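Before any comments, here is the structure.
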Amino acid sequence: SRPFTLLGGVNVLESEQFAMDVAGVYCEVCARLGIPLVFKASYDKANRSSIHSFRGPGIEEGLRILARIKSEYGVAVISDVHSPTEAAPAAEICDIIQLPAFLARQTDLVAAMAATGAAINIKKPQFLSPAQMTNVVEKFRECGNDRLMLCERGTMFGYDNLVVDMLGFDVMRKSCGNIPLIFDVTHALQCRDPMGAASGGRRSQVAELARAGLAVGLAGLFLEAHPEPDKALCDGPSALPLHRLEDFLTQARAIDEVVKQLPPLAID
Amino acid sequence: SRPFTLLGGVNVLESEQFAMDVAGVYCEVCARLGIPLVFKASYDKANRSSIHSFRGPGIEEGLRILARIKSEYGVAVISDVHSPTEAAPAAEICDIIQLPAFLARQTDLVAAMAATGAAINIKKPQFLSPAQMTNVVEKFRECGNDRLMLCERGTMFGYDNLVVDMLGFDVMRKSCGNIPLIFDVTHALQCRDPMGAASGGRRSQVAELARAGLAVGLAGLFLEAHPEPDKALCDGPSALPLHRLEDFLTQARAIDEVVKQLPPLAID
Amino acid sequence: SRPFTLLGGVNVLESEQFAMDVAGVYCEVCARLGIPLVFKASYDKANRSSIHSFRGPGIEEGLRILARIKSEYGVAVISDVHSPTEAAPAAEICDIIQLPAFLARQTDLVAAMAATGAAINIKKPQFLSPAQMTNVVEKFRECGNDRLMLCERGTMFGYDNLVVDMLGFDVMRKSCGNIPLIFDVTHALQCRDPMGAASGGRRSQVAELARAGLAVGLAGLFLEAHPEPDKALCDGPSALPLHRLEDFLTQARAIDEVVKQLPPLAID
Amino acid sequence: SRPFTLLGGVNVLESEQFAMDVAGVYCEVCARLGIPLVFKASYDKANRSSIHSFRGPGIEEGLRILARIKSEYGVAVISDVHSPTEAAPAAEICDIIQLPAFLARQTDLVAAMAATGAAINIKKPQFLSPAQMTNVVEKFRECGNDRLMLCERGTMFGYDNLVVDMLGFDVMRKSCGNIPLIFDVTHALQCRDPMGAASGGRRSQVAELARAGLAVGLAGLFLEAHPEPDKALCDGPSALPLHRLEDFLTQARAIDEVVKQLPPLAID
C-alpha cells in the first residue's frame, strides 16, 4: 500500500525568497522521510475577510515563482484558481489545480478547470454534506475530467467554528467511486472571534487532528506551515511552525504506515 | 413607519413570456395591497448542483427581458451577478444588484459591484455568522458604496438543512450600522435529500416562516413564486404557488403593520 | 380564536416574599391585558452547572409557597418535577406539572407524572429534533395521560449556543396530533461563555424573539422575569426585567391577535 | 506508556446466559491481545424512545448477573446508574459506575455517585461543549470524589445526527486537569430516522472511527458488541458484530501502540 502524499506548503506567496526558503525545507524533510510532496502556495487570496488584507503577488508573478520552485527543486506544485480565466495558465505550471471550497459549485469554474486536463483537488465546502460532494465530482466527470481528489477541510459547526466529521471520508469514498481523499488539517483548525476581521486557529492541536484523520486511511494530507506563524500574512493561527515539520510528519507517517498495513475489516 | 418592500419574483427566467406573466401578477397584487415591489429574476443559475440543470437565458437575453418588464410595468428590478464583468451591465438595467451567498467573500466581485454605484443586496452566506457580515459590509463601504442591504436566507444546521436564527437580524443591524434587513423566506426553506442532485424545500411552511421573520421588524421580504411549483425549472420545492401570492402577502402585511406600530421597547 | 396563555413567573423561588411580590405584578398586568396566566416558579434547580449555585427552597417549602400564591391570587400555578417521587405531591398543588428538557426521555419520570392526571408541560430537549417529540408524547399517552402541551426552548446550535427553529413548531403540531404548543422565550435566549460556570443570556432580544414565535401561531408563551435580573440567583442574563412586563406583553398580545385573525392559508 | 483499557460489553443484559456468553468472548479475546478489560452491561435502559422498548432485568437481578460475571471471569465490571438510590448498590458490585449523558448535570445523582467512592465514568452529554465538562468534573471533586474519567460519545450535529469533534478530547484534558479520556465509539455512531422510534447507527464505520479517536491518544475505548446486531434488543444498528471483536481490537491496539510511542510534540 502507498504512503500518503503531502500537499504541503504555505498559505500565500509572501515573497519569492520566502517561498523558495520554505519550499527548500519541505523538499529536504520529505526526502528524508520518504514522503511524496506536492508543494502548495496561493498566488491570490481572493476571499479575505477584509479588503485591507494581503492578497499575494497575483497570478502572473505567482506562477513564475511556482515554476521556479518546480524547476529548482524538482517538485510538483499545486495552487488554487478563482475564475475560469485562471484555469488554463495555472494548469500550465501546476501539476494539480485546486477548486476553492466557497467556489465548489460554480459551474463555469468547474468546466474551465476540467478542460485543462490537469489533476484537480476539490476542496469540500464547509456548507456541504459529504454525500453532496458526488454532485461536484459528477460535474467534473461530465466535463471529461476524472483526475480528481476530494479534500476535507472541516464543516461549519455552529457559528464561527468548524468540526471534522471523520465518518464523512468514507461517505465520500463510497459515493464518489473510490476517489482519493485528502485531509486539509490546517484549514480545519480555523475558528473565529465573532467580531474579528481575520480567522483564528488552533495550531497547537494540529498533530492530534492530523493523526486522527490519517488513522481513517487517506491518500493525502494537506498542510500549511510558516517559519513564524505569528507574523504570517494570512492564517498564521492555524499554521504549523515550520521548524516542527519533521516531527509532525514523523507522527503522520507512523499512523499512516500502521493503518495501511492493517487487513481490511468489513462489517455489515 | 414604512411598510416592508417586497423583493419578489421568480427563481430563474424560464422564458420571456413566463417572466412577463408572473411579473404582471406580482405588480397587480402589490398595487392592490400597497406593497412596494422590486421584481426579482435570475438570468443565470451559476451554481446548480448538476451540470444538466437549467441555467437560464444568460446575461444578455436576461437583461433584455428584465428591461422590458421594467419598462412595460414601471417596476424596479433586481438580479444577481456572478462575476466582476457582469456587474456593470447588470447595474445598467437593474435598480438593485445582488451578491450571491456563496460568493459573498470574493473581493473582486464585491469591488466591481460597488463600483457601479447601484444599490446592493448582500445575501448572507449559509456559512457565516451574523457578526461576520460586518466584514462584507465594510468591504463595500471601503469601495465607496454604502447603498447596502443585508439579506438572511438561513444558516447551515447539520447536514442538508438550514435554520433561520431570528436573533441574527438584530446582531446584523447593530454591527452594520442600522443597515436595512431583508429576509429571503423561500431560500430559507431549502433542505436536501442527502444523495439528491437538486435541493428540496418546505413551501407548505412559507407563510409561518415569513410571519416570524417580519415580526422581528424588517425592511423587506424576498420571495420566489411560481405558477406551478412542481414544474419549476429550479427550486420549485420552496417556491410559493403564485395563486396564493395575495393571501400570503396579506398575512405578511398584517404582521408588518402591527410590528411597525409598536413603540420601541429597550431592554438592558 | 383564543389568545395565548402566559406560563409566566420566575426562574426559582428565591424567597416567599420575592415570589409573592412578583406573582402580584404578573396577576395585575395580565388581568389588565386580558391574558390568561399560569404562574411559574421552580422549587428546586436540580441541574445547576455548579454545586455551589442556589437551588431553591426544596419541594415541601416550595409547594407551600405556590399553594399560597394560588390561594391568595386565585391564579393557576406550574412547577417542574425532577424525580418520580415528586410528581404526586407537585400535582396536588400545581395545575400543570412540567417535565424538564434534560429529563424528557426518563421513562419512570414520565410514567409517574402521567399517573397524576395533571396537565403536563413537556419541555423539548435541546438535543432532540421536533419530529422526535412524538416519542415523548406517545409515552405519556400510553401511560393514560393526554393532557399535554409541548414547549420549545431552543435547540443546540454548535457549542454553547441555542437556536429556535421556527419551522419546528409545525412539525411538532403535525406529528403530535395538534398538540398545544408553548414557546419558552427566555430559556431560548441562553448562551454560554465556554469556560463559564453559569449560563449567559440575551435578554435585550426577548421581545423580538417572542414576537417571532407568536407570529407562527401558538397556544402559549413561557416567560421568566425578575425585578433585578443582574441580581437574580439563576438565569438573570435571560430574564425579562419585571418592570417591562406590561410593555412586553402588549407587544406579544398585538402579534398574537393579528395572527389568530388571519384566515388559514394552506399551501400544498 | 500504558495501553488503552477497553470498557467493553453489551448494551443491555438481554438475559443471564447472553451476558455470560458475551463476557466470555470479551475476556478470551482481551487476554489474547493483552488489553485490560472492564466488562460493561446495563441492567436498565431508563430512557428508551418508546415505552414499549425492552429495558433490561432491573437493578437487583442485573447486579446479581454482573457479580457472577465478575466472579466467574475475574474481570472488572461497569454499569450505569439512573437515580441517587441506585448509586450505592451499584457501587458494591461495580468497579466503575457510570453517569449517563442525559443526566450529567443532575446534582443529586452526581452527589450520590460521588459518595460511593467508586471510580466514575462521566458520559459527556450530546448537548454540552468540551469546555463545559469542567463543571461536571468539579461537582464530583467538590463532593470528594476524584476517581474520574470522561467519556466522549458524540455531539449533536443538526437534527438526528452526531459528530465526534476530535479537538474536544484535548480541550477536556486541559480544562479538567489531565483527566483520563474514554471514547465511546459505538454510541457515537448513532443517528436517527427523523420519524423513527428507535435510534439507528452506522456500525459499518466502527473501526475507522475507533482508529481516529485512538490516534488522538486516549486512556480507554468504550464499545458495545452483539452476537447478532440485527436481533439486538437495543442499539443494534451501532453495535459491533461480536465475531469481529478480535479483528477490531487488533486494529485499535495497533493505533494505540504507535501513538503512545510517539515523542511529545508541543506546538505553541
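Details
Lettered A, B, C and D in written order, each chain numbered from 1.
What we mean here is this: a contact is a pair of C-beta atoms (placed from the backbone, for glycine too) under 8 Å apart; a residue touches a chain by one contact, two chains touch by 3 or more.
Quick caveat: nothing in here was measured; it's all calculated off a predicted structure.
Among the remaining chains, those touching chain A as well as chain D are B, C. Counting C-beta pairs in contact across A-C and across B-C shows that the higher total falls to B-C.
Ranked by separation of Cα centres from chain D, the top chain is B. A separation of 48 Å divides the Cα centre of chain A from that of chain C. Chain geometry summary: the mean Cα position of chain A and that of chain B are 33 Å apart. Mean C-alpha position of chain B lies 35 Å from that of chain C.
The multi-chain contact residues of chain B, meaning those touching 2 or more other chains, are 155, 157, 159. Note for the complex: chain B touches chain C at residues 155, 157, 163-167, 169-170, 189, 202-209, 211-217, 240-241, 244, 247-248, 250-251, 254-255, 258-259, 261-263, 265-268.
Across the interface of their complex, chain B is touched by residues 46-52, 55, 82-83, 102-103, 105-108, 110-111, 125-127, 129-132, 134-135, 138-139, 142-143, 155-156, 159-160, 175, 192, 194-195, 197 of chain A. Within the complex formed with chain D, the residues of chain B that make contact are 157-159, 161.
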